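All chains are identified by letter, namely A, B, C, D and E, in their written order; residue positions are counted from 1 within each chain.
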Amino acid sequence: MFPVLSLVLATLLLGTVVTFVAGRYARWVALATSIVFLAETAALIWQYPGWPGYTSGAVPGFAFQESYAWIHLGWLQVNYTVGVDGISLVLILLTAVLQIATVVYSWEETRRPGPWFGLVLLTCLGCVGVFVALDILLFFLFWEAVLVPMFFLIGYWGGPRRRYASLKFFVYTHVASIVMLVGLLGLVFYSGATSFDYSSVYLAGHGLMTVTQTFLFLALFFGFGVKFPVVPFHTWLPDAHVEAPTGGSVLLAGLLLKLGGYGLIRWAVLILPLGFHEAQPVLFVIAFATIAWGSIVSLAQRDLKRLVAFSSINHMGIVLLAIALGSSLGLLAAVLLMFAHGVVSALLFMVSGSVHHTYGTRDIPSLGGITPSTPVLATMTMVGSLASLGLPWLISFPAEFTALLATWDGLAYWVLLPLGILVVTAAFYIWMMQRMLFGPPRGIPETVHDLPWFEAAGMGLLVALTIVLGVLPFLLVNLITSSPIAGFPGP
Amino acid sequence: MVLGLLIAVGEMLSPGTYVNSQFTWLHLAGSPGTFPNGVSLVVGTLVDPLSALLLLVVTVVGFLVMLYSIGYMHQDRGLPRYYAELSLFLAAMTGLVLSNNLLEFFLFWELVGVCSYFLIGFYYEKPSAASAAKEAFLVTRIGDVLFLLGIFIYFYHFSTVGPSGGWAANGFVFANGTAPYLPVVSGSGSTLLTVAGLMILGGAAGKSAQFPLHVWLPDAMEGPTTVSALIHAATMVAAGVYLLAITSVFIGFTSTDQLAIVAIGGFTAFFAATMAVVHPDIKRVIAYSTISQLGYMVLAVGAGFAMVGLYHLFTHAFFKALLFLAAGSVIHAIGTQDLFKMGGLRKSMRVTSAAFLIGGLALAGIPPFAGFWSKDDILGAVYSQLGSHPLYWPFFLLAFAAVFLTAYYIFRAWFLAFSGDHTRDPTLPHAHEGPWVMQVPLVILSAFAVVAGLFIFLPNFQALLLNGAGATGIPPVYGPTDLALSGISVGLGVAGIGLAYWLWGNGRVYALPEDSPLQSVRKVLLHRYYFKVAYDWVGLRLVYGISRGADFVDRYVIDGTVRGLERVFGSVSNGLRRAQTGAVSDYAGYVIAGLLGVFVLLLIVAPYLLSKMGGG
Amino acid sequence: MDASSFIGPFVPELLLLGAALLIFLLDVLGIRRNETLSTVAVAGTTLALLSVLGDLGFAPLSVFATLPANVIDAAPSTTGLYAFTSLGLIFQGIFLLSALLVSLASASRPSGEKGAPIFYGLLLLATVGMLLVAVATDLIFLLLAIEVTSIATYLLVAYHRREARSLEAAMKFFIIGALSTVLSFYGASLLFGAYGTTNLVAIGHATGAVGYPVLVLLGYGFLVAGLAFKVTLVPFHAWAVDVYDGAPSDVSAFLAGVTKKIGLFAYFLVFLGPVLYLRTVGGSSPFAGGPIDLGGTLTITLAVLAVVTMTVGNLLALLQKEMKRMLAYSSISQAGYMLIGVTIGTAPAITGATMQIFAHVLMKGGAFLVVAGVGALGVGPLIDDWKGLGTRRPLLGAAFALMLLSLAGVPLTVGFVSKFVLFSAAVQAQGYYIWLAVAGLLNSALSVFYYARVLKVMFFDTAPAPSTPPVTDALPAGGLGYGRAIAIGFIAVTIVAVGVYPQPILGAIQSAAQHFVVVGA
Amino acid sequence: MTGLPVADLLVLSGALLAVGIFGLLTRRNFILILIAVEVAMNATILNFVYFAAFAPTAAGLSGQAIAVVLIGFAATEVAVGLAIVLALNRIKGTINVAQATELRE
Amino acid sequence: MSLEELAFLVLAVVAVGTGLAALLVRELVHTILWVSVFFVDLSAIYFLLEAPFLGVLQLGVYAGAVTVLLLFGIMVTRKRIFSRDAATGLGPVPLALAAVTFIFLVASVGEFPSAPTTLQVYDPSALSALLFGTDGPWLLLLGIIMMSGVAGAIYLVREGRE
């Protein structure tokens, strides 16, 4: 079969390399790459043959699978194996969309555009790699590969405390990756898997004893959890977000956090059902804590970006909760929510970025009534906020609804907690809008222009997606359910 | 909108017709546990008597308000925004009414909520408007969240116990006349149902501004008056009642729920009326009146007479919209909402004055105006159920007392605004009637306010209600069933009007003596029972305080630990570096110490560990 | 044994020796131009490298092969002094590569330097010693071969004979080196006393026949400590930082790159026998009925040393302000990782450790070469002096960043591959060994901090106004000189190339390690 | 020939090594340190010689060979050490190692 | 106690004593004196151990060449020959380290018989065959070491102008 997935990766790689050296034309190359990538993604989804379903004792199937020998040492059998199912496709789509939105949004990046666009593309390449990798080493490789461009994006293009934030981000998430790597290696070698391939690990992982599974699962969970991030390992996130440039925040919130969720589903939940079952109480506690903490702390934030960052924590907490439920409904909700959050948080980070460079500050109390001077920006803010607080007809709602339904299904009245937190989430967004968008104008410079076309276009794309998929969520859901989460046997 | 009207009229003409079509909006994966066949969330339309009734209201009032707005809003900057939002609202409201399942209902329910949010905050430059919008959103959000839980419970409940595939295939689809799942429901665990009912009640209370989630509605008057008329009087706020009505089939099975609904309705009817008694703002008086009237409807639904509640909803929509539009006309003319600045407007604004009077009479329940029929129906219906639970009594009495208050406060408002010779505040501009686009809706609504109650005598309408009742499974009660009861209530209404006339008529302004013990009551009422203060305290002080505390903990405890770890490593590092003295003798010493360490490990520690490990 | 059969196997060594002698001869003849000598050194090392690669069975280079195929990985003799294992040949290749790169880069040293002949001569002689280490099977032969390198490197460090720092470094190096030599030989003497032989194979195979367990343990203890000097294990490490700091950076590249690796290979040779015995025989004591389990005790001791070394090395590097000292400490911690390989002693672990050694030669050697080059550009010794270098000189910055990322173990670099294989091997060995992997991984996470900090300084901090103009722009390739630029470029490319597709090298090392383990056992 | 007890020699070489180490650690004069190293080295050579003498078989002869090589090596080491001493003395004017601590943290 | 044992005992005591004295006396030239006695003393022990070749070598190389080298070094680095060196590092820690090392070493003594053991006597020609034969490139190695040592040492001490 034609190696389509390699083609996708190659497109991005080529684009990255050319962008790096393209200098003034970097943005055009980046845009072209993004468009080709989006087209390829569309083609992948179009041609996706569907998921074959579970067969007893077999590995869940993948489409467009390719496998080439990479490192074969007898005891260490590593292959370059890639393949996709519904979950990966959805997240690849998210990557494609966010990539194009980011490229457009930062169209007039003047500080070293070549490296900027190159690093943006590289980040996306890493994410796509994570989503298609079906080999533990390949997976880990892409997983780590994402860190480096993001480190540079934050550190070079970021805000005043970017140096500290970039270091913290890099070290913190790297520590987590390391623990995860221990888990992954343990998974291979304790299960007696014959190779690092997903299929081999999957079958071998299922055969492990409960105790081993639990330890491995917890190690993996720590690695993925920091990426989520879960409370109390979340403090790298606000710093990273606040200091990151807008494009960096977009990718960070939109894609990097998703890696955690994806990894947890693909490499932990599906492979280690018994360990997952044992760890469920832990996951629940952490998920609830994350949900509540993210939302409550958001309420106290003055910095718009920090507020959005904590709301991301809150949303990812819901994702974790949905995963922790271990039902196929929950997993579906998790993936859906990841997509939704990817789009919405990206939108909100773009809003924060635009607010910052339109008004010179992101401090909510020192701004007020910006609607008349920048109606488009205000509208984007509203759409983003409303979507984020889970308003129906916008993309988050079907996801959150499913997540909460699954929670009711799994945990009954515990659903009251996330439900209650929904009110707090609504509160901080609505309050933020009241303070920033409405009321008498305050803190508005003499000459203010509404969004430049490229920023508006970048956001507009996301807004459109927010609404279209909010109204027609089945477009995504059908894709997501075409994956092993459909009929997931549960822990 | 016209189409909606046609459907409604069609339904009117041929009661008992159902239009039900749907498609799958979201099919969620099946899992071996709870949902073996997956979960289908569908979107569909269902026209049944209930929806037809409401559709009629929405379309008629909506049309009239739109018309009125042409005149009322003509000088406003954000006109495109206004119409866009209003249209979106009407679309959403229509969707809500036509929904064939709870989820879809919820989708539109939220959409009308957000439209309401936008429209309340229409004058967003005004901090009070922005604040009111926020308040409305958040308070209703509390209700929505509860509602969502209610939906989950229904969903879970039915899909668990339902015939295999039944609910899984149909999702949340509710009654379309045959209600195939009813037997299943009646035989199942009632605790869950009770909780679900209470959750639904919570949602309804939020939307319909029932106690204790009533605080947002008076503040919502920050929006344009037209919006108040359409959304916060006639349609959206009634959606809560509508919700209770369509779910009454479930709720009706648990007496606890019924009692809760009755309690909330009855109490709110009285509670809101008391606040209306002293308020100086014309729109807020009407707003409290709305809350109070919604309380009646809720009461009716709670007592088991959903269609009676809807009947009142129907009439109330007209006369309350009328009152609002009339008030809007006044505000449009003189630019203030303070009753104590008005006066004598009867002369300069005859149409408005008459319209307000008609609305007031309807509200006060004076026959033959619309309010009389429906309100008496409610009182009669509740009265008929008094035997079913002893606790119905106090709430019935409260509702009954509210009749008196209602008549009093609305006529207090009428007298203050329209009677007398001149405006009390001489600085106000000279009042004049608005353009015809504003007057025509007033006239039409006045007509409805007069005759809407009489619809009950139309056989088609009656049949509609009967069919609706059939759908909800509750026996209907129509028309004044108990003449004595009606008499008392009308008497109370007249007494209220009389009191109002005595205190405020002909331009009189009654000042409560300073030393009157009622002063403290008045103060409490003016401060709305300190509810807003309490909400603000909870919202600002408590939640925000907790949140600030959490933020502190996040920055200095959790992140502090991370940074502390950095510092620990740093100081360990510095400590170790101090050993790097640069003196080679020291280094040689380390080597020898290391040698001895190796000896200790090899000869003492390792053998010990090995013996512990058992040779491994 | 006739002369040709003696010379044959030692062609690489003799080539280097010849090159060294040629250089001394040229010196005598008055030809002291740096470039010329560098060319000789490069030619010598290249030829030797080709020969080694040919011996390794690398097909395109088979014409250079000098060893009869049946000699390589032949059944071990319990009497000989040397034997040719493919793992040893691989190490020879690594050593030669490093020497080649350093010679190449040194072509860019100032051409008028007086000591150029000595520099290259000693470099080549030191390399000869390393090559001999790689073929040793006799303890004394091994230690003497190490001394060949040591003596040469003591003097190399003192190469800047007019600089107090350089001489101070040499002094420290010499004193600690001499002490360690004594300790090693003393240990060897004890083992000789216990076993009556110094042949490592014989010692490794010796079982319960030996009646002096304490003597043996003491002997091994002395060897652990003495050789630890070369490997720079904590607490035998203190000299290394000062020496790397004080030595000329090119020499530091050589020291950090390879001299510690001969220590590690010595560890392989000396300790693998007993450690392996433990694993293959399944834990029963080599001293049948004796009180002490040699393999077990050694394993535990080495494990403790490994963990202590990596941890302390990393902690020391954490707040380091000087670039060379930071790199030196990082070398120390890397030694700890490599030691894991010996501790576990399985073929996978040896593979991992060898790969780590290969990687480290590239990364650390390359980093020191960059430091040397940057020093020549007038950049000070502090890390903060590197501010903005990455943006000012993107290519050099990228190359250095690549080396640091590789050191930190970021994927798609050779540093990641080696750590991955090494820690995989630790996990694969299961049992208590997984804790070695955990310790190593946590340490590598800790180490990321200081590497990232350098990246931060280089790329994110903006330089103050360039205080001093570039000292010399005379050299081509942007002041680096072609030789250095080529060496750095080669290293950077190799880091990525092997990082992306390590199979050829890993495969070779793996099969060599397999043979080695069989031989050792 | 009656011979000698091994244990005594072991004690002697151990004592010499300890003396060498002690000297190495205490003295600050480079030359004295060199001497201390040589004392320890002699302990090592002594070890080889007597283990060769006590070896059960003739293979122990290699011990003596090793001792010969070690003596040669030790001499070279001294020469190199002295070279460093002289160079250091020329630059710093002292061979007190305690005064050469420029390279430190 | 046999004569050999007695002689050994005396020589051993002298060895330790001179070694200590060499490292503890404060006059540097006295150190050289003591250390030369120490080397000679060890040479005697080698003779006692039936290793005359080594004894001679020890005398020649150590007592001769090395001693002269060291003396030379002291003369060059000191203004006055009889200068003193302050043993500043004297303290409990080095003493303890050395002592513990000694204790560990003595720990293995118990494994050996305390009774005298017969010595192996080797033919010096066998030794020379071993040293100069092709089986072991010992001297080649030594040669390389010496070559690098000497070349480097000359470079270091040469008063070159740079």
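By our rule, a residue touches a chain if its C-beta (ideal position, glycine included) is under 8 Å from a C-beta of that chain, and two chains touch if they have at least 3 such contacts.
The structure displayed is predicted, hence computed values, not measured ones.
Chains that touch both chain A and chain E: B, C.
Chains that count as touching both chain B and chain C, per the definition above, are A, D, E.
Comparing chain C-alpha centroids with the centroid of the full set of protein C-alpha atoms picks out A as the closest.
When chain centres are set by their Cα atoms, the one at the greatest distance from chain A is E.
Here the chain pair with the top count of touching C-beta pairs is D-E. Most remote from chain D, judged by the distance between CA-atom centroids, is B. Per-chain Cα centroids separate chain C from chain E by 31 Å. For the pair chain B and chain D, the distance between C-alpha centroids works out to 95 Å. Chain B and chain E, compared by their mean Cα positions, are separated by 101 Å.
Distance between chain A and chain D, defined via averaged C-alpha coordinates, is recorded as 65 Å. Contact of a single residue of chain B with at least two other chains is seen at positions 577, 580, 582, 584-585, 588-589, 592-593, 595, 599, 603. Residue positions of chain C touching 2 or more other chains, listed in rising order: 144, 147, 151, 154-155, 158, 161-162, 171-172, 175, 179, 190, 214, 218, 221, 241-242.
Touching of two or more other chains is recorded for no residue of chain A. Of all possible chain pairs, the ones that touch are A-B, A-C, B-C, B-D, B-E, C-D, C-E, D-E.
Against chain B, the residues of chain D that register as touching in their complex are 21, 24-26, 28, 97-98, 100-105.
On the chain E side of its complex with chain C, the touching residues are 104-105, 107-108, 110-112, 134-138, 141-142, 144-145, 147-149, 151-153, 155-156, 160, 162. Residues 89, 93-94, 97-98, 100-101, 104, 107 of chain E are the ones that touch chain B when the two sit in their complex. Residues of chain B touching chain A in their complex: 24-35, 38-39, 103, 106-108, 110-111, 114, 117, 121, 124-127, 129-131, 133-134, 137-138, 141-142, 145-146, 148-149, 152-153, 155-156, 539, 543-544, 546-548, 550-551, 554, 558-559, 561-562.
Interface residues of chain D facing chain C in the complex, by the touch rule stated above, are 13, 17, 20-21, 24, 30, 33-34, 37, 40-41, 43-44, 47-48, 51, 54-57, 59-60, 62-63, 66, 69-70, 73, 76-77, 80-81, 83-85, 87-88, 91-92, 97, 100-105.
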